[in-house]
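Chain IDs A, B, C and D follow the sequence of writing; residue 1 opens each chain.
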Amino acid sequence: MRSRQLYQLLDPAASDLGARLFRCVHHAMLAVGIAVMVADTEAAWRLAWAHALDRVFQIVCAFFFAEYVLRLIAAPGAPGAEHRDKWRARSAWAASPGGICDFVGVLPGLLDMVFSPGYASLFGFVWVFKLVRYAPGLVSLQRVISDAREALLSVLLGFCIVLLLSASLAYLLERAAQPSVFGSIPAALWWAIVTLTTTGYGDVIPQTAAGRVLAGVVMVSGILVFALWAGILASGFAEETRRREFLRTWDLVSRVPFLQGAGAATIADVAGLLRARDYPAGAVIVRRGEDGDCMYFVAAGEVEIRLMPGSIYLGAGEFFGEIALLTGAPRNATVVAAQRCTLLRLDIVDFRELIGRQPGLARIIREHAERRFVPASG
Amino acid sequence: MRSRQLYQLLDPAASDLGARLFRCVHHAMLAVGIAVMVADTEAAWRLAWAHALDRVFQIVCAFFFAEYVLRLIAAPGAPGAEHRDKWRARSAWAASPGGICDFVGVLPGLLDMVFSPGYASLFGFVWVFKLVRYAPGLVSLQRVISDAREALLSVLLGFCIVLLLSASLAYLLERAAQPSVFGSIPAALWWAIVTLTTTGYGDVIPQTAAGRVLAGVVMVSGILVFALWAGILASGFAEETRRREFLRTWDLVSRVPFLQGAGAATIADVAGLLRARDYPAGAVIVRRGEDGDCMYFVAAGEVEIRLMPGSIYLGAGEFFGEIALLTGAPRNATVVAAQRCTLLRLDIVDFRELIGRQPGLARIIREHAERRFVPASG
Amino acid sequence: MRSRQLYQLLDPAASDLGARLFRCVHHAMLAVGIAVMVADTEAAWRLAWAHALDRVFQIVCAFFFAEYVLRLIAAPGAPGAEHRDKWRARSAWAASPGGICDFVGVLPGLLDMVFSPGYASLFGFVWVFKLVRYAPGLVSLQRVISDAREALLSVLLGFCIVLLLSASLAYLLERAAQPSVFGSIPAALWWAIVTLTTTGYGDVIPQTAAGRVLAGVVMVSGILVFALWAGILASGFAEETRRREFLRTWDLVSRVPFLQGAGAATIADVAGLLRARDYPAGAVIVRRGEDGDCMYFVAAGEVEIRLMPGSIYLGAGEFFGEIALLTGAPRNATVVAAQRCTLLRLDIVDFRELIGRQPGLARIIREHAERRFVPASG
Amino acid sequence: MRSRQLYQLLDPAASDLGARLFRCVHHAMLAVGIAVMVADTEAAWRLAWAHALDRVFQIVCAFFFAEYVLRLIAAPGAPGAEHRDKWRARSAWAASPGGICDFVGVLPGLLDMVFSPGYASLFGFVWVFKLVRYAPGLVSLQRVISDAREALLSVLLGFCIVLLLSASLAYLLERAAQPSVFGSIPAALWWAIVTLTTTGYGDVIPQTAAGRVLAGVVMVSGILVFALWAGILASGFAEETRRREFLRTWDLVSRVPFLQGAGAATIADVAGLLRARDYPAGAVIVRRGEDGDCMYFVAAGEVEIRLMPGSIYLGAGEFFGEIALLTGAPRNATVVAAQRCTLLRLDIVDFRELIGRQPGLARIIREHAERRFVPASG
């Protein structure tokens, strides 16, 4: 039971108070640790606060050591792993990317005990990797890059071929004019990469006419490489974004009874159009008098519709905001989140296209709307 | 009633003479104000025209102060807010982004009265934010960036991780060779950002072989960050552009009776293909003898079709230009905007695909065309 | 009649011998003219060949003057304009973009007669605009940029706002440390644009810590501007490319009787998938034994299918290459263009998706294939 | 028979031991050859190991000569060419891009015999082209660039026009202030290309106010060129990626009997969604207790489903992993590749959309799932 509570506390996605508090402390320690590492390298600061910096560094190291031990104790592996031996789950966690990353974070502390403190702090930058666990967006990025792996590597191979070619040609063309900076191919490679990436430090510049024409071609090739990479990743991102939105929305749609009855085809169609968004309690979702450019389905929580004489409360599975879309009139009521809630937003553009494709759905929305609002607005 | 006229005058989207005149004066004041601020910092100009610059600066400040007060008085909030207390609407406006932006624009004037004029003009650059209200495209931009917020922040986090790593490694590799510019991590961070963004000032350049290999990797990573951002925004823009076009077109299609009768599915289909465009009175829309690559629906205003013997006038809800699409012949008449009008353009590509999908619509267009032009061209 | 022949000769899209010869001479003159202008500015070359350069320059000027006069005489305007007054067509052409561009090309010659030759040649670079008429792709580019005009201008406005803000802030932060290069906002603007576009000449570099942090933010903003522009244009290009292909293909499909009978919906569907390509007489289209990844429809001209015992000739409206797609076997015959011909290529991917959507079409292709090849391959 | 074995050995796509061994040796020789060429240009290394470098260089040259001769002997051309004369196939291969590329790779060796060795090694960089044969991704890249050829060339033409214009204008504006670096248009062209590609070496910088405004415009144009290229290639890449995936998947789907019976429309629909992936024997495909975000079809090979009491083996044409998608529960068994196998992955997003479009398919999957797992999990 203790182990389960500990796991909950350390879970990066948990939303209870303890877990959130732990995350705050963790991120603060991370920031302090990296700040100490950076400050340690600045001679003036090091001189002035050497003792304080070493103490803070040791505290941060101790914190990360404690975190590693706690995670190792709590490690339950995947949910289905509970019946197995505790120690097998722990060794599995220690060998997982997260476990290795946390172990690397412990190393500066160990180095600190063996060598002098000033030296160990140099390796504090490894702590930055600990952030990855808390950034779900980086997982998406990694997925896009991994899906486009083959194409990106092809561009990189082409990049290397162009790099070697330009360095060889620049060496042939410029070695007579500038033997000090184009005197060998390794030296010319430095010029080639600085030019091909359009960085252009300006420390090595071709002087002969032929060398300058080559430089122009290399710069334009560099732009082409940029463009190829951008092109590869652009198509990957559109797909991944759509995928993540659909996944999240579909799970929420399954909690809306009104949509569940509409059949698998309609659900998949609707889920591709909805966008989930969370609101804290008390947040104003819709303001009376504004133009309406979307309607909402309540996926979780409860909202309060503030009509002038009184209020209506809508819970999970109900929807609101469709009047403005159907009539084009401004919002006729203010809607506030009565408690923390998750809404599914249907944009007016998608609403209108959906009505064209799914006339049955349109009829149901219209009927619901009339039934609910006739007495209020009549 | 006065308040309503004032509101109309200040409305950035209003098209009557007063409002347009106000906008011209406003933009001129903005340009003059910023020019004064820029000129004020140039010692030679300041010396020569100190007095004139100060006077002009004070006039601009006074204008923006007056604008702020007028907007505060006129503030009706949203249309539905008219029944509420006037002062609640005003305080709501003052707290809105537009109100805050205008208040910041008043600050240089206030500073001018408290401190010496030359100092206050330094802050004239805040006026540039006042332009945002008049640039609806920036709202689209902001929407795209906000929708892709999560992905962009992930790339930014990745960017920071790479930045810190490269600075740390460059510090380790280069500090012996160049203690003056790689002597601490903050110093190395400057090199890292200049290289990672491929700016390449050339003031700090790695000298060791290992440092140069690191620099090459950092440059290529920089290109990747470019490409990731471009990829994220490319997919967002395609969606947002389609959305804005659809919204504008759908509103106009609702005024074309001929399309209204075709059912919601057809309207949504057609609205996704049409592109709205405004023409001033007298503009030539189609020239006799040209090749035709689109047809037009009149959404508002009136057009004159100049046939050789006489003219036909078409008003809202009618269409023209379909003959060239159906027969492939060049335009058989010149069409001119009889008054300011809004037309919905249907490209030949979309026309042909639409005819495939919506045979009923094709039949109606064909019949209309035959009925109207048989006597004229027969 | 003369005027019509002249028009034909000057038409940039005409394919007869005279027109092609004229284009060669025109492009050669253009290249020579620009080379002369460039050489004229190089003191050593000017000194050596002053007389020759002036003579060649005058010949080029005379040629462009003659071209302008001929185009003015030939100007028929659009086909429908033949019945009008000749002079109205000519003045219309002179006022059109093409006419103005050609008139500007005459100016260096006029300047040459008035002033000294060496001075006039400076303006030879205007001739480069004459190329635009012969580059249809630039029209597509212009269309994409014009369609995305509003979004591009919004980014440009945002760019200017960021530029002014960074220059103002850099001026405030750096003027004390570097009064010579950050001493006024105009001076700081130079730094800002060099940094924001990530060009990084390195002549002006912030020295204070705050100035360097600002520079980092400016560089990252510069990348964002790149990415925004790339994103805007990426979505525009995809649309424009599809449009141009569809237009060209649809016109050719209308010459294929077999597809014409399939109904408007099928034609639009097929036209979206086909890609037109021209082959000179004798070109090998398909090689026996290769893997087949597409089939072809003959839109114009004639192809020879070289079977082992003899040859079959296919004219406009027929198709070949479908056997490899249906069976997966390698090509069983070599196909050569018997005369200059235009083929419509259907990729295997689109073929398979098309067969799924249009079972009727699949049946017809299968039947044709069986009928034609049973005796040959049986 | 010998010739066929030799062909097999040299085939870059063959997977038998001999061919793989040959590829390893080939790539090692390539790396060694290029390393020798690079080292040869570095004076210190050349001095120390001149003899060794020459010997290794000659060995690499001999290897590539032998490879060329063997490929020439083995050359069978396309499969259908076997019945023709051997020598015609060989001359055809020698004239093909691959043959020319290999011949160029032999040249350094020939030069080495004629001239001094140190000179010949300069041309070792041509070997880098031999890599292209082994990188199928480069073929995709080439296809994308070739499809977008026209648009890319248009941008390049526009780039050249802007380049010439900016050089001419910079020459006019700056020649008085800086006659040494802006003294002629060729000199100004160097500045123009360095600025237009945003490389910014910093060796040539405009000094006049007008020259700096021009430089700002040129930099922004440079970004636009980047963006145009990125836009062109982005749309091409999305299409090419989809195409390649579809092609590979469709071939594999044809081996899944269960999907074959579903009709051409369904196969094309499904093939567009599946993604093929290879697994070596023993690889864990699915882990018990994990969340399931995809299901798999076995296209080739065999997988072992490790249920708790025993194991089930599934061969080509069967599928697994659908339970987690249907119920949302975590994986209830670990699946391991029993031998080298190819699986078709169907993502949960596509699964849900597919179920909406193809209810028949959904029913079959559901029935299979119930039949197989009822006794095991019941």
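Descriptive notes on the structure:
Basically, a residue touches a chain if its C-beta (ideal position, glycine included) is under 8 Å from a C-beta of that chain, and two chains touch if they have at least 3 such contacts.
Remember, predicted model here, so these are calculated numbers, not experimental data.
Repeating the A-D interface with over half of its contact pairs identical by residue number, the matching pair from A-C, A-B or B-D is A-B. The rotation relating subunit B to subunit C, fitted on Cα atoms, comes to 90°, given as a multiple of 5. Averaged C-alpha coordinates put the centre of subunit C at 27 Å from the centre of subunit D. As a whole-number value, the distance joining the C-alpha centres of subunit A and subunit C reads 39 Å. Shared interface positions of subunit C, defined as residues touching 2 or more other chains, are 186, 198-202, 226-227, 230-232, 234-235, 238.
Contact residues on subunit C toward subunit A in their complex (touch as defined above): 198-202, 227, 230-231, 234. Against subunit D, the residues of subunit A that register as touching in their complex are 77-81, 148, 150-151, 153-155, 157-158, 161, 164-165, 168, 171-172, 183-186, 195, 198-202, 205, 209, 212, 215-216, 219-220, 222-224, 226-228, 230-232, 234-235, 238, 242-243, 246-247, 250, 263-269, 271-272. Residues 34, 37-38, 41-43, 122, 125, 128-129, 131-132, 135, 137-138, 140-141, 144, 156, 159, 186, 190, 193-194, 197-203, 225-226, 229-230, 232-238, 241, 287-290, 293, 330-332, 347-349, 352-353, 355-357, 359, 362 of subunit A are the ones touching subunit B in the complex.
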